[in-house]
Amino acid sequence: MNTFNTTARTTLAQASAPARSGGFAPGWTATLAIVALFAIAITFVAKGFQLFQATMVLSYAIALLGLNILTGYNGQISLGHGAFYAIGAYTTAILMEHGGTPYWATVPAAAVVCLAVGYAFGRPALKLDGLYLALATFALGVAMPQLLKYKHLEAWTGGVQGIVLMKPEAPFGLPLTADQWLYLFALLVTVIMFVIAHNLLQSGTGRALRAIRDHAMAAEAMGVDNKHYKSMAFGVSAAYTGVGGALSAIAVQFVAPDSFTLFLSISLLVGIVIGGVGTLWGAIFGAVFIMFVPSLAEKVSKAAPWAIYGVVLIAIMFAMPGGVVGMLRKIQERFKTRAGAPGG
Amino acid sequence: MDAFLHQLLAGLASGGIYASVALALVMIYQATHHINFAQGEMAMFSTFIAWSLIQAGLPYWAAFFATVVLSFVLAAVVEFTVIRPMHDKPALSVVVVFIGLLVIFHSLAGWLFGYTIKQFPSPFPQDAWYGSSMMSAHEVGAIFVTLLVVAALFSFFRFTPLGLAMRAAAQNAASSRLVGINVGRMLMLGWGLAGAIGAVAGMMVAPVVFLDPHMMTGVLLYAFAGALIGGIDSPLGAVLGGFLVGVLENLIGTYVVGTELKLSVALVLIVGVLIVRPAGLLGRTVVTRV
Amino acid sequence: MSSILEVRGLRAAYGATRVLQGLDLDIADGEIVALLGANGAGKTTTLRALCQAMVTTEGSISLVGQRIDGRSTEQIAKLGVGHVPDGRGTFLGLTAEENLRLGAYARPSRIGADADMERIYGYFPRLKERRAQQAGTLSGGEQQMLAIGRALMGKPRLLLLDEPSFGLAPLIVKDIFAIMRRINQEEQVSILLVEQNAKLALDLSDRAYLLETGRIVLSGPSDDIRRDDAVRRAYLGE
């Protein structure tokens, strides 16, 4: 009984420890400012296709943020998040194509739809832990394309051919190309999503989520309603990934079932692991990785880029399990101890 | 009625394949408490190896047995080099490694053998005496082979000292070492067997669905469903579950939702079992201690 | 008498936590030696260290003159060390007979395994009755007998017993200890017995060591140890 109580208390204490999610502490504001400048500068420095790539990075980053909320902060493994990316993308496409909804309104709509679907999936999935949840979400990821191709939904989804969309023009006659505007729009959405996530994870909710991740039984004993938080985590996570999907649909101007296979879910998993599980900044690093490394891999081996991808994945698990952010933190620690600065 | 019987029997035939793969999954799960997400791709890769041997001129059964042996070795090597070093890492890292393996095998197959769909021969001639309008010769043969493999495996585990040692190592590694069992070697053997079983499953399914890198993803899903329904820590359950899923898939696909949604059926089955009875039909419910 | 076990300067740690601070032990052929001490003194750790299981060690351990430190647990088992662990380590999902047969894995040769199994059933007739029963359904006492039998199947030179009396009714314990004396004499197996129950251990053993916080503080013939005042107060309640 004694050990149980101590475990519970330590768990909650650890969970309420000062936000690791805030990023590397020294020069926090300076780093942020630099990143912001860099992000905005891209609008004017990059060319059309590069802007598209940057927009896709942002859409992946938001999606990864979503997956990280679930897996990194709440400890539930999902191998099927590509399904929510797909639902977000298709929500956007269907609303724009059949409902004439303006592109910017489809983004919150996608969030709401995915929140509902995610919560609905998360509720029964409550009983599933670790590997079993991984299994169930794996099934979801595999089954999704088939669902999207389903004959009886064709009128809405466009079946195998999917739906083609129009790229939005910059509003109010601003002197920006469509690509530039879309990038800025995505950037705005990204910033908003990150801020919400940051606040969420810093708050009591975030602590509860982490407590559940670290020791579910102890958290429950301490009064955390596991059922509610775990389902919420699933819903919020799905919503985020759905927003990412929505943005990608607008950027790519096209949705089709075969864009959302198991390999997308795998890419998302790769993204959070590479970036750093349980970190916010990791989402950016992960997004850059999954955007650019497959094409790099293709250069190394034209015929088997995913094989290289797989090897890199395994190598990183061996060498750098904390992902990029984990590695950066280690480097930061070493700087601190060398400079003899007082801890923290 | 005839059509129904035909579907039922066809379901049993595919069920046999799912049963074998489910058995492989359960074997690895029992020994390591890991789910081998790469099992399907490894089986597919093995089938391609068989295909190349046959293309190179080897008679079918020679290629068959050579492939089984090669797959055994390959899987054992994978266990030793990639999986064993990860044994004490967090669950997520291990899952990522399995996914990495999935991706590597899938991609290698595409690279070495191409993505075009290929024909794979069946050793059971179409006009064989045991074929009929109810069940094709291949379906009968496939069930027979599956049952043979399962029976051989069960006998191995039950009646041989090595089989006993493997069961022991899977149940209690610490005590196994105390009686002189090299647990690592047992793990390698377990993986090797799983790889061999997967190869057999792949070679039995390929003549029906044709050979391409995507061949086994669906099969793996059904095998998961079967293993879960039967009880992920029960080999007998896995086999029964596999047959059950095969039949359900076929019947529900034909009479209820249409064949295009068959994978969704698997999804629903998996989620359903996990919610209603995670231990499956024959598994043991695990009580988590604080 | 030849030496079965010679331990010099044994240190052991779980990760960063040092538990044994440097032990010297000797066991001669045919002896029963007791290792006494309170909870947390390091008794179980000592047995684990001898088998190179779960702890990192420094210092030398020699079995019948051969160094075994640095070897793997399974190799040490095959060299003739039978360890009956803390908590019995029964293979719960297997039958009683399968548990025994597993013990034979450590033997140098399978010849005589069946005869040995019969002899072990002779020591533990209750096990024979339950040979086909799942081991997890056996009582505590039966599982203890099973664990001892399993270790004996390996034809060990040295038997390590970790708290065999734990959780068992006094009558059963009496039976088991009597059987252990028979085993020591009839099978020519040396025994290192770890016990919290000092009285039982001292009655059975020829010599004893007293362990306190990772160090041997007292050693000698059991009769002498039994008469030691400090021991009587602290461990025998007299």
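In this document, chain identifiers A, B and C correspond to the written order of the chains, with residue numbering beginning at 1 in each.
Criterion: a residue touches a chain if its C-beta (ideal position, glycine included) is under 8 Å from a C-beta of that chain, and two chains touch if they have at least 3 such contacts.
Everything numeric here is computed off the predicted structure, so don't read it as measured data.
K.L.:
How would one label the connectivity among the chains shown: line, ring, star, complete, or other?
P.N.:
Chain contacts: open path, no cycle.
K.L.:
Mind naming the chain pair that shares the most C-beta pairs in contact?
P.N.:
By number of C-beta pairs in contact, the leading chain pair is A-B.
K.L.:
Which chain maximises the distance between its CA centroid and that of chain B?
P.N.:
When every chain centre is compared against chain B, the largest gap points to C.
K.L.:
Give, as an integer number of Å, the spacing between the C-alpha centres of chain C and chain A.
P.N.:
55
K.L.:
When the C-alpha atoms of chain B and chain C are each averaged to a single point, how far apart are the two points in Å?
P.N.:
Averaging C-alpha atoms per chain gives centres 43 Å apart.
K.L.:
State, to the nearest whole Å, the distance from the C-alpha centre of chain A to the C-alpha centre of chain B.
P.N.:
Result: the chain centres lie 32 Å from each other.
K.L.:
Where on chain B is chain C touching in the complex?
P.N.:
It is residues 161, 164-165, 167-168, 171-172, 174-183 of chain B that touch chain C.
K.L.:
Which stretch or stretches of chain C touch chain B in the complex?
P.N.:
Contacts found on chain C: 51, 53-54, 72-75, 77-78, 83, 85, 89-94, 98, 101-106, 150-151, 154.
K.L.:
Per the contact definition, I'd like the list of chain B residues that touch chain A in the complex.
P.N.:
Those in contact with chain A are residues 33-35, 37, 82, 85-86, 89-93, 95-97, 99-104, 106-108, 110-111, 217-218, 221, 224-225, 228, 258, 260-264, 266-267, 270-271, 274-275, 278, 288, 290.
K.L.:
Over in the complex, which chain A residues touch chain B? Could you list them?
P.N.:
The touching residues are 4, 7, 71, 77, 79, 124-125, 127-128, 130-132, 134-136, 138-140, 142-143, 146-147, 149-151, 217, 262-263, 266, 269-270, 273, 277, 301, 303-307, 309-311, 313-314, 317-318, 321.
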